[in-house]
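Contents: one structure, followed by commentary.
Lettered A, B and C in written order, each chain numbered from 1.
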Amino acid sequence: MNELPQQLVNGLLLGSMYGLVAIGYTMVYGIVQLINFAHGEIFMTGAFGALSVYLWVVPSGTTMWIALPLMLIGAILVAVLVAIGAERFAYRPLRGAPRLAPLITAIGLSLALQQAVWAWYPEAKSARTFPQIDGGPFHIGDVTIQTGDVFLLVAAPISMAVLAYFVMKTRTGRGMQATAQDPDTAKLMGVNTDRIIVIAFALGAAFAAIGGVAYGLKYGQIDYRMGFILGLKAFTAAVLGGIGNIYGAMIGGVVLGIAETLATAYIADIPGMDKFGSQSWADVWAFVLLILVLLFRPQGLLGERVADRA
Amino acid sequence: MRQRSLIAITAALSAGALTLTACGSRNSDDKGSDSGGGTTVTIGVDAPLTGDLSALGLGIKNSVDLAAKTANKQKLVDGVTFKIQALDDQAQPSSGQQNATKLVADKTVLGVVGPLNSSVAESMQKVFDDAKLVEVSPANTNPALTQGTDWATSKKRVYKSYFRTATTDAIQGPFAAQYLINDAKKKKVFVIDDKKTYGAGLAGTFTAEFKKLGGAVAGTEHINPDSKDFSAIATKVKNSGADVVYYGGEYPQAGPLSKQIKAAGAKIPVVGGDGIYSADFIKLAGASATGDLATSVGAPVEQLPSAKEFVANYKNGGYKEAYEAYGGYSYDSAWAIIEAVKKVVDDNGGKLPDDARAKVTAAMQNVSFDGVTGKVSFDEFGDATNKQLTVYAVENGTWKPVKSGTYSG
Amino acid sequence: MNAIGPVEPGEGTQDHPLTNPGTPGILATTAAARPLTRLYAAHRRAVHTLLAAVLLLAGGGYLYATRPPATPPTTAELPYPAQTVDVSYLGEVNVPPGTRPRTFAFEVLLGVQSGPAVTVTRVTQPYDGLSLTSAPRAPFRTESGAARKIVVTMHVTECGKVPRDAGLPFMDVTLRNARAIQVQSFILGPRYAHDLSHALQVACSNDFP
């Protein structure tokens, strides 16, 4: 049986999740040149927001088809609130400060959010189980797709399409583009840049929240540390795709996810490489790929299309 | 230009952060009941009290606390009150070593229960041995900790202050192999481990015996413990044609791994050691975990009257967390320290001698009592002489014992 | 600005939104206190009696609720047989001349440390291709504190189905005492492993390469 299609799907799924989180990194960077390291934790709070809705808002026994949209709303609400709060109280006061100050603040905020969930969310000291969608897996030829993954397969492209429409066609989206290109001129042209920045944070958080729900559905559990490694991977994906470019974030995510999966699956089969092939080496190969891409295209895969920066 | 250098800095930072996941330590002090005057003896506890493995770690801490309180209530050692000091190692060797140094510095500490992880134990052993402070682990199963790194060929004890109440992987891995070949009639195994001291060691002893018994290894894989995505591995397992998976590692990874293997379409049991014998494994692996197996040290609790009493006392103790896989062993480890202290105090006319630590370490070698897990005493390497093992299977959402064995080598 | 935790508490960032008593509650009680004062003035004695009764009930209830749990009956339970039995490996013994080929025998010592007498109802070993008999033939009974030697004779029925080099082979012994019947695997250690492998290699020397 040919394993490749299944492994590609595995990589695509993992990569779509990286991509959803990477959008937040890339949008915020595109507009304020800040790498929001707390974004991984916004992803995490989104997942916990969805779990809270499931546990305390939706009556128990509700089918997931009704509960899931409510959980999504809860996830987005929590993540957006946290992101806006972070922007207002942690980053805005530092807007004129040297670049490294907000960066360090972001790292501190990331730790604070992790510890807050650890300390105050009920039973979050270890992993909490996440509700699952019933129904068996789907088989398409050799490929098996889990019910929980269907959400990701549907949500990721729709999110991208909505985002593209928003950035390209709406007034606010154009304002974002303008702010990304030249904030001072945009301000002179009547764009409310403070508002645009808040919207960028909020949009990134909303996509991260969708990613958080997808994570819970895919793995069946969430924990307070889930955003840390995933956030780093998503940041890597954003750099790989060209930071500042929203399509680059998704493409970078998918490339990274597939690279990791294929490295796990196939490197061990290369003669003499069996020691470097297991999953514990997959990150190494993913970063080798990142370095190679940055060597030949320092701006990332799609980094040059400045006009699309949002 | 400035932007690019910023990206370079952050990329470097993120790479650094990847290697430095979760450092630092958090302490939580717990005091036993302060009844009575006289000397206070502290029993140190080192276990992961936060993070993925905290379910097991908190079970260890609570069980030691129960032992200390019971000894105080019974006034077992005249004029001595026991209290515990629990430190969190977060399953990190570096934190474990810091904790060891801290416990050594506290002069009232006469014995330490812990740690959970063999890799953490490796970083602590020398610190304790230099201070002649006795350490009893309820959970370390790596044979090298007592019998030296060449344990397979020539056994040699390295640290005189290290003891354990748990059975080693040298027995646990082969026992699982025997069960799978002879009782479960499995022929082809896919071996996965997490590359840590415990997981890799267990997978190694298992694989060796499985091959000796005529079984085939369909593939091997090492997971990244920080990841939760094992879909690539699950697909490999499915296509390998294996009829069983052996996982050397712990439940935070084993649960999702089992779930994802089943989801990929490989309806084969996942088998592991005591590191996956936890209710949390079943919680994380979900409904498809039915039929998964774990070997764990000790006889099933319901077969030991002493264990029943422990379970009842633990319940009455009002602890929030379950005692988990190592509760009984932790209680016995703490009780062994208490017995050793009692011996030293009795020999010294009712009070602690100046070189109490060295004396307690020496007394530990001859400790013998009927504990929660059966008879507790130690052999010349510091290993438990009571070596019982049980194979458990997941059935209706709980672990059910299916086969027990006694080692009498 | 010190940004610890979510600045604006969102859903789920607090334990329960309901545990946060708002100010309206306090206002409500002060408003309701006025008629209560009037009531108190009118029926001072009745209120005092009622209060005393409530206190008494509460105190009694508290004492009742926190009474020490009834100590469970401490009938000394009998131990499970596997917890009282020791089996150790003694060594290889010669089979009497004239037995069928591919047969070898070992001697083990079974001791009952404590508890009630234990009956061995069955001795087996787990490998296909090997059959096993014991002398004395099971079932046999061993008293507490006693030990007896058992000669275990094994016969290879099919060389293809025996482990040539088992590291920790064991014997399954079915034990019965007044408490329970259970099958316990006794792993007899490296010396038994070595002797068994050696015996199997001799017995199957024609089949093993």
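Going forward, a residue touches a chain if its C-beta (ideal position, glycine included) is under 8 Å from a C-beta of that chain, and two chains touch if they have at least 3 such contacts.
Keep in mind that what you see is a predicted model, and the values were worked out from it rather than measured.
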(message) Looking only at C-beta pairs that count as contacts, which pair of chains has more of them, A-B or B-C?
(response) A-B
(message) Going by C-alpha centres, which chain would you call the most central?
(response) B
(request) Could you pull out the chain whose C-alpha mean position is farthest off from that of chain A? (result) C
(request) Return the distance between the CA-based centres of chain A and chain C, expressed in whole Å. (result) 45
(request) Please compute the C-alpha centroid of chain A, do the same for chain B, then give the distance between them in whole Å. (result) 36
(message) Nearest whole angstrom, what separates the Cα centre of chain B from the Cα centre of chain C?
(response) 17
(request) Name the residues of chain C that each touch 2 or more other chains. (result) none
(request) Would you pull the chain A residues touching chain B in the complex into a rising list? (result) 1, 3, 6-7, 10-11, 13-14, 33, 35, 37, 99-100, 103, 107, 118, 125-127, 129, 132, 137, 144, 146, 219-221, 223, 225-226, 228-229, 232, 235-236, 239, 243, 260-262, 264-265, 268, 278-283, 287, 298
(message) Under the definition above, what is the set of chain B residues touching chain C in their complex?
(response) 171, 174-175, 178, 181-183, 208-209, 212-214, 299, 303-305, 308, 312, 316, 374, 388, 403-409
(message) Quick check on the complex: what are the chain C residues that touch chain B?
(response) 69, 72, 76-77, 79-80, 82-83, 86-89, 126-127, 163-170, 180, 182-191
(request) State the interface residues of chain B toward chain A in the complex, per the touch definition above. (result) 2-4, 6-7, 9-11, 13-15, 17-18, 21-22, 50-52, 54-55, 195, 220-224, 226-233, 235-236, 239, 252, 255-256, 259-260, 263-265, 280, 283-284, 286
